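To start, I am sharing the structure in question, which I have written as structure tokens.
Chain nomenclature is as follows: A, B, C, D and E, assigned in order of appearance, with residue numbering initiated at 1 for each chain independently.
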Amino acid sequence: MIVDCAVYEDGCRCEGDLPLAEAGQAAQRDGSFVWIGVYEPSEDEFDAVRREFELHELAVEDAVNAHQRPKVERYGDTLLVVLKTVRYVEDEEDLETGEIALFVNRDFVVTVRHGQSELHDVRLEIEDRPDLLRFGAGAVLYAVVDRIVDDYEPVMEAVETDIQEVEHDMFSPHRSNPAERIYTMEREVLDLHRAIMPLGPAIDRLARGQYDLIHPELRTYFRDVHDHLLRVAGRIEGFRDLLSSALQANLTQASVRQNEDMRKISAWVAIFAVPTGVAAIYGMNFDNMPELGWSFGYPSVLILIVVLCSVLYWRFRRSGWL
Amino acid sequence: MIVDCAVYEDGCRCEGDLPLAEAGQAAQRDGSFVWIGVYEPSEDEFDAVRREFELHELAVEDAVNAHQRPKVERYGDTLLVVLKTVRYVEDEEDLETGEIALFVNRDFVVTVRHGQSELHDVRLEIEDRPDLLRFGAGAVLYAVVDRIVDDYEPVMEAVETDIQEVEHDMFSPHRSNPAERIYTMEREVLDLHRAIMPLGPAIDRLARGQYDLIHPELRTYFRDVHDHLLRVAGRIEGFRDLLSSALQANLTQASVRQNEDMRKISAWVAIFAVPTGVAAIYGMNFDNMPELGWSFGYPSVLILIVVLCSVLYWRFRRSGWL
Amino acid sequence: MIVDCAVYEDGCRCEGDLPLAEAGQAAQRDGSFVWIGVYEPSEDEFDAVRREFELHELAVEDAVNAHQRPKVERYGDTLLVVLKTVRYVEDEEDLETGEIALFVNRDFVVTVRHGQSELHDVRLEIEDRPDLLRFGAGAVLYAVVDRIVDDYEPVMEAVETDIQEVEHDMFSPHRSNPAERIYTMEREVLDLHRAIMPLGPAIDRLARGQYDLIHPELRTYFRDVHDHLLRVAGRIEGFRDLLSSALQANLTQASVRQNEDMRKISAWVAIFAVPTGVAAIYGMNFDNMPELGWSFGYPSVLILIVVLCSVLYWRFRRSGWL
Amino acid sequence: MIVDCAVYEDGCRCEGDLPLAEAGQAAQRDGSFVWIGVYEPSEDEFDAVRREFELHELAVEDAVNAHQRPKVERYGDTLLVVLKTVRYVEDEEDLETGEIALFVNRDFVVTVRHGQSELHDVRLEIEDRPDLLRFGAGAVLYAVVDRIVDDYEPVMEAVETDIQEVEHDMFSPHRSNPAERIYTMEREVLDLHRAIMPLGPAIDRLARGQYDLIHPELRTYFRDVHDHLLRVAGRIEGFRDLLSSALQANLTQASVRQNEDMRKISAWVAIFAVPTGVAAIYGMNFDNMPELGWSFGYPSVLILIVVLCSVLYWRFRRSGWL
Amino acid sequence: MIVDCAVYEDGCRCEGDLPLAEAGQAAQRDGSFVWIGVYEPSEDEFDAVRREFELHELAVEDAVNAHQRPKVERYGDTLLVVLKTVRYVEDEEDLETGEIALFVNRDFVVTVRHGQSELHDVRLEIEDRPDLLRFGAGAVLYAVVDRIVDDYEPVMEAVETDIQEVEHDMFSPHRSNPAERIYTMEREVLDLHRAIMPLGPAIDRLARGQYDLIHPELRTYFRDVHDHLLRVAGRIEGFRDLLSSALQANLTQASVRQNEDMRKISAWVAIFAVPTGVAAIYGMNFDNMPELGWSFGYPSVLILIVVLCSVLYWRFRRSGWL
């Protein structure tokens, strides 16, 4: 589905809707470029775009089928940029990913969105910056990449919060076993790693001016994005290290708790063993057991049992077993 | 066994069967190349091929003996490409590997297959793309490599599914111990790693145009394959990380379950200790034990025992020990 | 808040306060530069500075918002240097971090401080070294970086001390479980790692003379700082390895202690089982049990029980179970 | 001990024994080279060789003292190549290592063997390949390196077999604890790693033609050896990963088995507790216990005990505890 | 404290003591250099040296304050080389480290020793090699570095021996828990790593002739030292891997031993439960218990108890629980 299609000239959007069929021609004009936004296009729909701008078959294949790695690749004069969008769904404690592919050329930008992703805001925002738009189609690429990378930040925050919850669980006295949650988070962080990490060197190439397409003034902007990405990457690495340590620490906690439970159980077993042992002695059938004849024998023994149990209980308490 | 032998001219297959003895001459013609497919050749069979195309003795040794690492190597004007094919056998939860070696030259392609591997489909498919075949023997190489790398995808899916099963097992309440399965999968993924990883840099060299033999237009295609390989490689790395964490998480689960079992057992032991303890007291032989004379003494004690056991049971239940 | 604003000429500070509005002009003079110190500036405050020195919008954004990675980046003729300060708070066993951003140009230095950080001493110190200040604004950069890196040293010492305490705990006979502390320290060291590590390559670029701005004579000084950073980095890596081993060693200790507790408990259970067993035998109701009639039967059995328990106690003691 | 000393001319061995004293002169002749084989030489013996061929003192020191890392180093016009031979001793499940040092020059090859190592076969084999020997002394180097690297293969097979045995042990129901064996194998594989890994880059330098001494035609042969080494290196890395996982999996198995044993023990304890508990009740001394007077009371209780024990036994059986 | 101060000319030491004040001038003479040895100098003492040879303030700071990383750095025409000496103290199973800093110039060598370190022997030894001394001050550097690196070897041997002891402990039947020792050794090896590893690349730069100061003929000698360092580095890496595995294997052993202890304890508990259970039955008060009236009832039951216990003991023994 073609969502929006407009010509930008001298940093400003030309009024009026542009039919796809005229886009190719409009794009040729000097100092202007066309931006077409497409959302999960059918093969036919996209074929029209492909023919209009003479896109490479392999690039089109990558853009139409989602599930690519993030990357920046040159096909002739056109750059194909693939980006992963990530959103954290609070309720399910789960990550939702989307994909945006951009064809960027001196004459046009085609953005192809898949799944959870939004570009309308980005378009409005960049249209407010004619100083950047004047640098051509690369400015659109910058705007999109910058937004997507900015959107990684709240995901990082959410994961950080989750990890702190898990840590709290792990060392809380409630004896929960967050092993499954830690493991699930490791998986999630791994997915983040796969979605974000490969983008770093790609953006770096943009920032270092490897593609003429990107106006030199824009390089500083891409370097800023790259720096942001490095920060995100550093946090992801940190998450991996933390979760791996958490798994190990959690095992220790499980082991320590097992010991505590065992000591508690054993203490009670020992306390329970006292009445049996004492009573067994006075259950013996010796003829000559003077205590049996005493009139206070029975209550004395009962008291003895209570005292012994109390002493044991108190000692276990003191040594922290109960 | 020579499976197929044909001349390709201007992107099209020439009609008719080509005897091996004429292949060398046919290959010399301008703008044409010969493609010979061989399956697990005997030394003698392959010696004929070797002499026809003057292949290097070491290259032939590598191609005829399977168990090579995947690689791309130049022997004079000829490239030797070794690839590993992988297939997942559902029933045995096992990987089946094969090997394909290609000798690629401006004039000819010789494909040598070992074990589980198929090239007939690839031949039909590439014969449908005269636009690519026109770029010469490199197109055949592309077709073969592309197919083999595409075939890694379902294997990745199968391994992913297995890992999800293991995860489910691990955290299920059925107390299964998937340690052996996790370990076996680690071994499998290690084999995949060994079979696939070294291919990456080799394909990259093809994509970056290090070999003149590969027509410049084909480089983009090899880059696409390389990108696909990177994706596969990323997943394999992910599998390794996941399985390593799974082993650790599984140990924690085993430890936590052991604790649960121990608490359950101990709770029952404590409950069983009650009748013994109480009865032991009334088994004492004191002369003066008024309860013994009461007519409701015995039933009262029985009721006491039942009540104490119930209280214990209820408390253990509440604290999650039973 | 603008804290200090001064002109330096020929290595000496010019007397008198310099209003911001004149700073730009003063900076232009040959052989002199302006140093402006700002602390957590509001957007408006900093905008004045930005306009005075024509700083790049992205650089300003990085400097005003804290939470950047340490880095050295060139924006036109101006270097933006971001540094993390770290301080160890003894009482809370916690790290406090701050951030200092520097804009360095041939004509000016703007230092922007956030959070816990101090530059007044640095200013005094470098003003005592006219031989260095003569090399221009780079000398100020050196003074700031050198101080911040020097301040990492006491933090390293504090972490080292904490690790030694944890080690002592871990192997002490007091059966403490420092798992949580080890884990918390791992987190802390990870934060240190993130705050310090990226600085290394950045300082290295300064030392290798990649920026003309830094006077060649100053390179040796930056190399010295780089060397210092490498030492700090080496210790951080060491901390990570140590803490990871400590987590594992602590698990072993927990497991060994569990075994010791279990043996101790079991030993006492065995000792308690003796009176019950012996007394049960003499509680049997056989008609013909000669011991029952003996007048010293009862005391003998009591003595027997005490002797048996003592023997058991002594044996357990000897084999180290009690 | 000088084992063999011969002149090779035009790819063929010259008839007759060559005294060491004439070797230097014979080596000077055009198109010919001398090959001297030495086995664990005394300092004096080797000093004669050293003087004859003017070998560097440091190179001689390395060659005469074993315990070097494998390496290829140039001393003036002479290459010193140090190789580690490895053999697996089936009976002791142990690795035996040896060392071969080669001095290779346009004019001569001196091979110095230490410990378990064999070169006679290599000499015979390479004498059968005059086409290679014609390329000069480098051909001898190739022959030696190729053989040594080929000999790593059976060692890899043996280690693989051992690992499979350990895996079988680990997951067998026989409750063996192969921890020590896994650890010992880790040590062994580490030794292999140290003996083999450094050779890779060294051979690579030979293959890439860094030394003029190696005839260009031979480079392909060294590349083949390098490829073989990479395969061996890949397996060694695999072994390390596997053994590290095995250690972890083994710990899980130990933990799971402990749980099984504990449940089995506890089940029996529970079954044993039944007769004591029931009997204790009928051992109470209440006057009014009608069952005591019944003539079938005693057998009924015995039957009750047997029934209760059987029910428990059956339930434990069913839940897999026994 | 200035320990020794001498002029070397043409590879030989000039007779007579040289006062420091004349050293600077003596050093200027062609083909000669001065070697001054200093031991833990006070600031004043060293200041004289600094002024005499115009050493850089930062270099002096590094040389006078110990606790540097090993490094090779150029300050103008002078190299500053910092080395760590290591010695193993048998009695305390501990490492003692020292530090040696060298200022090397075409005209002089200043060696500054800290802590445990010895250079007198080195001086005597190198004075015996006029062939090397003729290459100038670099020869002294070589002699010092070579000795220090040679001295790492016995430390490696001592650590190796310690590791073997720990391994023996770990798998011995004496149930020792070497966790603390393994951990302490990990710390030690980490210290070694920090003291030795950074030296490798530094020496490599000397060997590859990056500094003109080092006579080309000496490069081979530094390469030899570098090779030696690589060997040491390989062993240190090996130690780290081994100790990390040892920690894991030790945990498994602790777990397995715990299981063994638990089985042994439980077996005895089961054996003790027999007399109680049997006796409880004959302690019941049924009127109709014929066995009670038998004259051999009591001894029969005693025999029964002994037989049952023996059977249990024998079975536990057979299944390896006792």
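Throughout what follows, a residue touches a chain if its C-beta (ideal position, glycine included) is under 8 Å from a C-beta of that chain, and two chains touch if they have at least 3 such contacts.
Quantities reported herein were computed from a predicted structural model and do not represent experimental measurements.
Undergrad: Have a look at where chain A meets chain B and say same if over half of the interface residue numbers show up on both copies, different if under half do.
TA: Different; most numbers are used by only one of chain A and chain B.
Undergrad: Rounded to the nearest 5 degrees, what angle rotates chain C onto chain D on CA?
TA: An angle of 145 degrees brings one copy onto the other.
Undergrad: How many angstrom between the C-alpha centroids of chain C and chain A?
TA: Centre-to-centre distance between chain A and chain C: 26 Å.
Undergrad: For chain A and chain D, what's the span in angstrom between their mean Cα positions?
TA: Taking the average C-alpha coordinate of chain A and of chain D, the gap between them is 42 Å.
Undergrad: If I count partner chains per residue in chain E, which residues reach a count of at least 2?
TA: In chain E, the residues touching two or more other chains are 248, 251, 255, 258, 262, 269, 273, 276, 280, 283-285, 289.
Undergrad: Note which residues of chain B are touching chain A in the complex, please.
TA: Touch residues, chain B against chain A: 167, 170-171, 220-221, 223-224, 227, 230-231, 234-235, 238, 241-242, 245-246, 248-249, 251-253, 255-256, 258-259, 262-263, 266-267, 269-270, 273-274, 276-278, 280-281, 283-289.
Undergrad: Provide the residue numbers of chain B that touch chain D in the complex, in ascending order.
TA: 56, 58, 62, 68-69, 71, 73, 75, 177, 179-180, 182-183, 186-187, 190, 194, 198, 244, 247-248, 250-251, 254-255, 257-258, 261-262, 265-266, 268-269, 272-273, 275-276, 279-280, 282-285, 289, 291-298, 301-302, 305
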